[in-house]
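Each in structure tokens, the structures are laid out below.
The two complexes that follow have subunit A in common; it is paired with subunit B in the first and with subunit C in the second.
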Partner chain A sequence: MPQSADRVLDHAPLFRQPEYQEMFARKREQFECPASGEAVEAQRDYARTWEYREKNLAREALVVNPAKACQPLGAVFAAAGFERTMSFVHGSQGCVAYYRSHLSRHFKEPSSAVSSSMTEDAAVFGGLNNMIDGLANTYSLYDPKMIAVSTTCMAEVIGDDLHAFIQNAKNKGSVPQDYDVPFAHTPAFVGSHVDGYDNMIKGVLEHFWKGRTRSAGEGLNLIPGFDGFCVGNNRELKRLLDLIGVSYTLIQDASDTYDTPSDGEFRMYSGGTRLEDVAAALNARATLSLQKYCTRKTLDYAAEQGQETHSFHYPLGVRGTDELLLKISELSGRPIPEAITMERGRLIDAMADSQSWLHGKKYAIFGDPDVVYGLARFVMETGGEPIHCLATNGTKAWEEEMQALLASSPFGASGQVWAGKDLWHLRSLLFTEPVDFVLGNSYAKYLERDTGTPLIRTAFPIFDRHHHHRFPVMGYQGGLRLLTTILDKIFDKLDQDTIDPAKTDYSFDLTR
Partner chain B sequence: MSLDYENDGALHEKIIEDVLAAYPDKFAKRRRKHLSVATPAGAEETAPAEETLLTECDVKSNIKSIPGVMTIRGCAYAGSKGVVWGPVKDMVHISHGPVGCGQYSWSQRRNYYIGTTGIDTFVTMQFTSDFQEKDIVFGGDKKLDKVISEIESLFPLNHGVTIQSECPIGLIGDDIEAVARKKKKEIGKTVVPVRCEGFRGVSQSLGHHIANDAIRDWVFEKQDGEIAFEGTPYDVNVIGDYNIGGDAWASRILLEEMGLRIVGNWSGDATLAEIERAPKAKLNLIHCYRSMNYICRYMEEKYAIPWMEYNFFGPSQIAASLRKIAKHFGPEIEEKAEAVIAKYQPLVDAVIAKYGPRLKGKSVMLYVGGLRPRHVITAYEDLGMEIAGTGYEFAHNDDYQRTGHYVKNGTLIYDDVTGYELEKFIEKIRPDLVGSGIKEKYPVQKMGIPFRQMHSWDYSGPYHGYDGFAIFARDMDLAINNPVWGLFDAPWKAKPAPAFLDAAE
Partner chain C sequence: MLKDKIADVFNEPGCEKNQAKGAKERKKGCTKPLTPGAAAGGCAFDGAKIVLQPITDVAHLIHAPLACEGNSWDNRGAGSSGSDLWRRSFTTDLTELDVVMGQGERKLYRAVREIARTYAPPAIFVYSTCVTALIGDDIEAVCAKASETCGLPVIPVNAPGFVGSKNLGNKLAGEALLDHVIGTVEPDDVGPTDINILGEFNLAGEFWAVRPLFERLGIRIRACIPGDARYREVAAAHTARATMMECSTALINLARKMEERWGIPFFEGSFYGISDTSDALRQTARLLVGRGAPSDLLDRTEALIAEEEARAWARLEAFRPRLQGKRVLLNTGGVKSWSVVAALMEIGVEIVGTSVKKSTAEDKERIKQLLKDENHMFESMAPRDLYAKLASHEADIMLSGGRTQFIALKAKMPWLDINQERHVAYAGYDGMVELVRRIDLALSNPIWADLRDPAPWDAEGRLTAAGAAPRAEPGRDPAADPTFLAHHRRKFAGAGADDMAEC
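Presenting the complex of A and B:
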């Protein structure tokens, strides 16, 4: 009996004990009818070949381990960035359980959203009654200042019309006539979570801007985009903007929503962009999106209103941050203060100190289109080479932008761009054209195990490590954090490879 | 061992009235039927001791959630792919429809297994047909056909495929059964279409039922010819154990020690072969009644295999269950069962001696699914803890009847509780521990109340069996007696900090 009260073994050590090992062998031999060891070995070897890779890349219908989620997740995340806003997802209720779990697992925070809980009868008769009753319940129970409505694929397939439904519900008295209920159609079978983000932000802006006359001012709007690091990033952005002294509105700021303190009180709502600020943002001089592919429709809408618009690709690293700050300085007419120049210099200092360890390292980078762009750009600044750049929700246009980015640096010469491919494709790529490190989210831990390529966690979702999202990766400070994360992995790997006494430990150096 | 305590029923009645006051009238009326306080059972019970009903805890259940609230429930797809089929390890489970459902359920249920993932085993992978707008417009059957061909070409060691339908499939009228029949012929393997669209039914519960029916119709009924199998009189199936954190393994080791042979483990760490051979067993042992009673009833009817419920949480129920199971097989096995109980008694004593004093008298509120709202109660009581409230996400009437065997007088009972109600219940009762899911974890912890995820064992486990009980006890202790709960109040806003016990191993 391996277990004892003195030293309680949980699953990690428990099942390695001989009793369990023997039991597993018995089960396998007597009941499982498994594929033979040779067959498994042969298939394992085959799956590492160029031949398998070609077959794998030729896939037309099957998607395996995609690096994207569906639109409503983006809409729920977007709504979480506004003051006292409850996300209301119109459709089947199981979806909402999934969005809430997904966000909670990443942020380790509460994630509030309600569902209109449509079932079979709603599929036949439409979900109008669910909207009427649902808005009334949400309004009375959760006391939100705004209810942001999005849809699941069910509501979209049966063709529920949100605009009409919400008006109907208001007429029935579910919520007051002048109550804020912005909405967005977010079909799960179109695009991905970045489009859901876009649709919801546009829905919110339209709700507050429609029918109002713009009087152009000097302020700037910044839209961060779908960002699993919003807690650290948004706060860092605000710090930098305050240092420059710009008048700005961060439209969709979930940094406090997903980072409430533990002091005995559960805050269902915390922080978020104030609704009056959203309304006033119509008068901004310009709207800047930090993630172009999260805001394509939103920026078009802002431009239609007469605003100047600019977009970035998840601006991080030296040049990424430079560009953003320069643009802000240019638009606001405010110079970049010395304090920020010093911060920049410190990041450069750190990069110079570590450059020998970073130079020539090869990376596979995957994630949302803008995130991949930003990371690849930073990696090249450190002398690293992005070899595989993959976005399951990447478009043809993104592919072209990535190609241009890679062509802009000699370190991009071996880079390949994989739009629309998934992590099972990436597995083949890593076997046939290996790299030193993978930059991406937690799902790549399976790639790390299968291919032996160390994973550096930098994106969304990160389920299996804690608190990364609390630290920025944007700005020069964020760059320092990202640089350190990458270096830690490089040194950990080196230590791991040189740790065997009397075999490899001559390179197990103390000072580096 | 069973603790003798009574909850404050009057207080609980009052709390129910309070939460209902927040709803619009129509929905207060509807929600009232789902909330109650356990009352003493009628005296006419003449059942054997272990089957005596302690209380009545009748609430309405298995009814549509009201719109516009934070129901904690999932959907039929979650019940089929997420619970029943997903853990079958040598089959490829296609999330058929848009990308999201497969993505959010990918690797989230900790169904442990042994196998080479991506080669002969596929549980922690996400296979999807990734529906696009054109698939909605033109139908997805052709795409599904191709998806299965590509699976066959890239993952040839799979032993079969299941098609887990997402919402749009049923709405656009795809004929996945026809595709399944065609592909079965083509690839010569089991292909199972499962109509578990998320809008079906009122919770994940219907998904379990549909998944069970799919096993009946597309595995059992489609078996051609006799499967070679050398049986013994001691062959059993373990049904409704999903091997969360290795639960099924910590159970299997006990059943094997008492001389039984487990033909099939459903469906944690299961292979298709184990499911196919299940009709050869002599007895079905069912742990999660709610999710798999359907197939047990079918096997009883069709193959005359009796079934028996058991509970492997906590030493009192483990011992009672081992004895009940052994009784079915006669003296030889009964003797071995006693030997197993005796063998583990010192471990049980040591665990209770170590953790009991740290946990005694602590109150617990539960809100989970399946069997746990009742089955874990006695495990807590074995440690001297008391259950103040419990409820189910997707129970039916018969689950609440069964709950009456476990809960004490005055216990607060809540069915399909909404986020609002649960928060208020917890706020007012202020238990020492809450056991629920990821969506409930962080709000509760912010309130300064210790919490354990009782779906996933909070990434720990196993909790089944004697080995699991030691982990369960340790985990409840580390949750409740961590010093962090004493740090919530800033000293400049100080109330006296509660005294905490010393750290345990």
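Presenting the complex of A and C:
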């Protein structure tokens, strides 16, 4: 055997050893009844054709590799941005295990959430008892300052009423009467994680704002939206806001929750928006959402309370950041300091330095609606062309906004918007109308392998690379980071294409 | 002696500039003494290495402390179609003790021996540098000895940095080839249509875009010096029937002395621009026929030119409306100045200025004829003058090398690299189309608008009118978006019929 105690091979080289290769081949022959190599090749070739693409795009009932997650995931992420808050998902256990591992895999941090562990009897008789016991257990076991309740499909299908259930549980003494238990109905069969985020944030605001009278002040509320880069982005936002000198509340700040130091202490909770700040945020002059599609109902609610509301599409790059800072400056009456102007100049300088490498590069961009919008806009600022813009959870309204964005620049002329399409659609699109790079999350690594289109990881989730979430992509400094990420891939690709000594290394250059 | 060699190079009769001077000035050479405290270009060592390093299968050994080689490793992107030995950074890495104890020669000898054993190259080029020349290491003697014991040519390149400019180094490298390399190999396949190309560096693989043109005419390139050359090709260069010289400022001495010694006629030509490329092919054919090649070569050359020119013009026509009247400022070293001028004017681009610092009198005469105005030529422009020209919008774009790139960018103007650090081939018919395409791309990059527009707030950080104005871009302001409220008032966001996300 190739494996021995003297020299232990890890998985990458081990299974290339002849013993394993023979085993794989044998299993394939004996158990898989495989099609012939030619048949597989023929099928593979067929999947690259326009004919197959037409059939693929005509697909109605089936979704393959959707680029979206379900509402409760968004709700769990939203709840993680508040001080000492435990996410409580009313429903069965398994879903919650998935939200926790999903977030942990991305952030490389523990992610806490509990469920009411509904089982068959709960489905038949209703989940009230699970709520009563669940809240009591969560309260005593994990000592949270707030329990944020959301739901899974199961609770929604049987129609459990969270408002009544929570009140019942409080009456039964599960938690004190004045204990904070905001809630949101988040059925997974409606919308996507961005809607779950929206519902949960709105639930929290409603919980703290309901029945109180607003006295308008000068502060600003900022809601980051569902952001896989929150650790870097939120900190960068706070730095910029502090530089401008604005009084603000970041509503839903998960930057510390998903970035705790390794010092021997386990922190179930860390950082997050303080609950009294959430309550006081009712008096803010305005609420700004950095992602419109993550906060449609929340902003509506804030507007109903009499606040001015503004939303952005994941503000990135020069224009995106300009727009955000200008609005903040306008609302607060505070000038934008010289230090930020210098940062802006540096980003532009960097983009100009690299312009010839970025110009005319073609991209496919997929992800959440706002993220796709922000990335497409940034790409066009660098002279790149977004060819495919795809959001599985994109709506008709988003599609129109994207069309208008593409029409605003000559670099958007070849851009196509694909709302509601999945990654298997994108696969056909990449085969028939190839691009230079894909911008999106880790799931596209399979598209990268199939279609040979290099993937630039810029969205949530990133499972197969580490620490992206720690660096901002927002703000001018974040723009630099994003620019560098894109350029690194461009140069890596060029190096890979020209790496053979004395054959293709005519562009394997040291200086660029 | 190095001193005699330098005097000889300064005396170069092929260099009109020098010949125009009196005997005394000629002795001083072309290079004005550098102004202490002012920025300057490369040294003689740099120049020698530039000319020789693209000979790809040779080991280039730098006899120096580490930095001479460390800093100049791979600073020009010459393409190689074979060996990558030329790219290795061989150095004797002289240290303080070596200098004090005078161990340089021994170290050099051992280094040569080690290279010979490990890499078995067809030859080793040994470069002296400031330090090793100052401490008096006799690299000629070491090379001669090593050559004997190792059984391969070990060529001394005596051009330490302090003797003069980069350009002097270029010429000293040519002398090294004349003294030790060219004429040492007699090929058995000499033909009537063999040529040499001198001063072609195959930057960004540029010569590969031209080489097939010669091959289609049945013309063999015996040696392209130095671009993508092999040692044996260079060593047999004396058997060619004609020479095309591309960069006269670098290797005029080599071309002229090859004519003197072996009777190979040469002409000066360029592959930048359509008519220049055609002209180069035409002149090559004419020289070859003059020396006994079959006369139908002339007709075949004309046919090829007609075909290629038609193809290139057809492709260029698409750019004419986009580039007509665009103003270009050229700041390039040497050879490219006049040839790029001709190339750009062919498609309607206006030249608002070109540097002629390293151009010969002949180059300048050509530029004068093309531009019909001497005022557009400048001998040397200080960075601040370049900046002023660009900042006052006298030009739409600057074409230059990497060192002046940032002047353009700081003046908020587009810039295109046409010197050695670029990665795109501009030579020949296809290269010209590519150059024009790149100019078009550079001019239309959206980053220039960002670069020029001020931040949308004023010096005090307050909103400016431009910043506060309603934005043209869509979807920025929910109030301006009629569908916004309708969409976000739904019970479950995005659950409507217009939501394609659902299944």
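The working rule: the second predicted complex is superposed on the first by the 509 of 512 C-alpha atoms of A that agree within 3 Å, B and C clash if a C-alpha of one lies under 4 Å from a C-alpha of the other, contacts with A are read in each partner's own complex, and residues count from 1 in each chain.
Following the convention adopted for this analysis, a contact is a pair of C-beta atoms (placed from the backbone, for glycine too) under 8 Å apart; a residue touches a chain by one contact, two chains touch by 3 or more.
From a predicted model like this one, the values you see are computed outputs, not experimental measurements.
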| request: Look at where subunit B and subunit C land on subunit A after superposing the complexes, then choose clash or fit. | output: fit
| query | For subunit A, which side has the bigger count of touched residues, subunit B or subunit C? | reply | B
| request: Using the touch definition from the top, say if A:Met380 reaches subunit B (first), subunit C (second), both or neither. | output: second
| Once the shared chain is lined up, is A:Val190 touching subunit B (first), subunit C (second), both, or neither of them? | both
| task | Figure out whether A:Asp6 sits in contact with subunit B (first) or subunit C (second), or with both, or with neither. | result | first
| said: Let me test your reading of the model: by the given contact rule, A:Trp209 touches which partner, first (subunit B), second (subunit C), both or neither? | reply: neither
| Does the superposition put A:Lys68 against subunit B (first), subunit C (second), both, or neither? | both
| said: To make sure I follow: the centres are taken over C-alpha atoms, the vertex is subunit A, the ends are subunit B and subunit C. What is that angle to the nearest 10 degrees? | reply: 110
| message | For A:Tyr363 in the superposed arrangement: first (subunit B), second (subunit C), both or neither? | response | neither
| If you stack the two complexes on chain A, which partner ends up touching A:Tyr476: first (subunit B), second (subunit C), both, or neither? | neither
| request: Check whether A:Phe77 is in contact with subunit B, with subunit C, with both or with neither, and answer first, second, both or neither. | output: neither
| said: On the A-aligned overlay, A:Ala419 touches which partner chain: subunit B = first, subunit C = second, or both, or neither? | reply: second
| task | Determine the nearest approach in Å between the Cα atoms of subunit B and those of subunit C after overlaying the two structures. | result | 5
| Do subunit B and subunit C land on any of the same subunit A residues, and which? | 61, 63, 68, 187, 190, 192
| query | Which subunit C residues qualify as touching subunit A in the complex? | reply | 73-75, 77, 79-84, 204-205, 409, 416-417, 421, 423, 438, 441-442, 444-448, 450-451, 455-457, 460-463, 467-468, 471-478, 481, 483-485, 487-489, 492-495, 498-503
| Okay, in this complex, where on subunit B does subunit A touch? | 22-24, 26-27, 64-78, 90, 97-101, 103-108, 112, 114-120, 124-133, 135-136, 143-144, 146-147, 150-151, 153-154, 156-157, 159, 166-168, 170-172, 198-202, 204, 245-246, 249-250, 252-253, 256, 261-265, 269, 271-274, 277, 343-344, 347, 350-351, 353-355, 418-420, 423, 437-439, 441-448, 460-462, 466-467, 470-471, 473-474, 488-490, 505
| request: Could you pull out which subunit A residues touch subunit C in their complex? | output: 61, 63, 68, 187, 190-192, 194-195, 198-199, 292-293, 296-297, 299-300, 309-313, 318-319, 322-323, 326, 329-330, 334-338, 340-341, 344-345, 348-349, 351-353, 355-356, 359-360, 373, 380-383, 391-397, 399-401, 404-405, 408-411, 419-420, 501-502, 505-507, 509-512
| request: Could you please specify the touching residues of subunit A with respect to subunit B in the complex? | output: 1-11, 14-15, 19-20, 23-24, 26-28, 30-35, 39-40, 43-44, 47, 52, 55-56, 59-66, 68-70, 72-73, 88, 91-102, 104-105, 108-120, 122-123, 129-131, 133-142, 152-154, 157-158, 187-190, 192, 260-268, 424, 427, 443, 446, 450
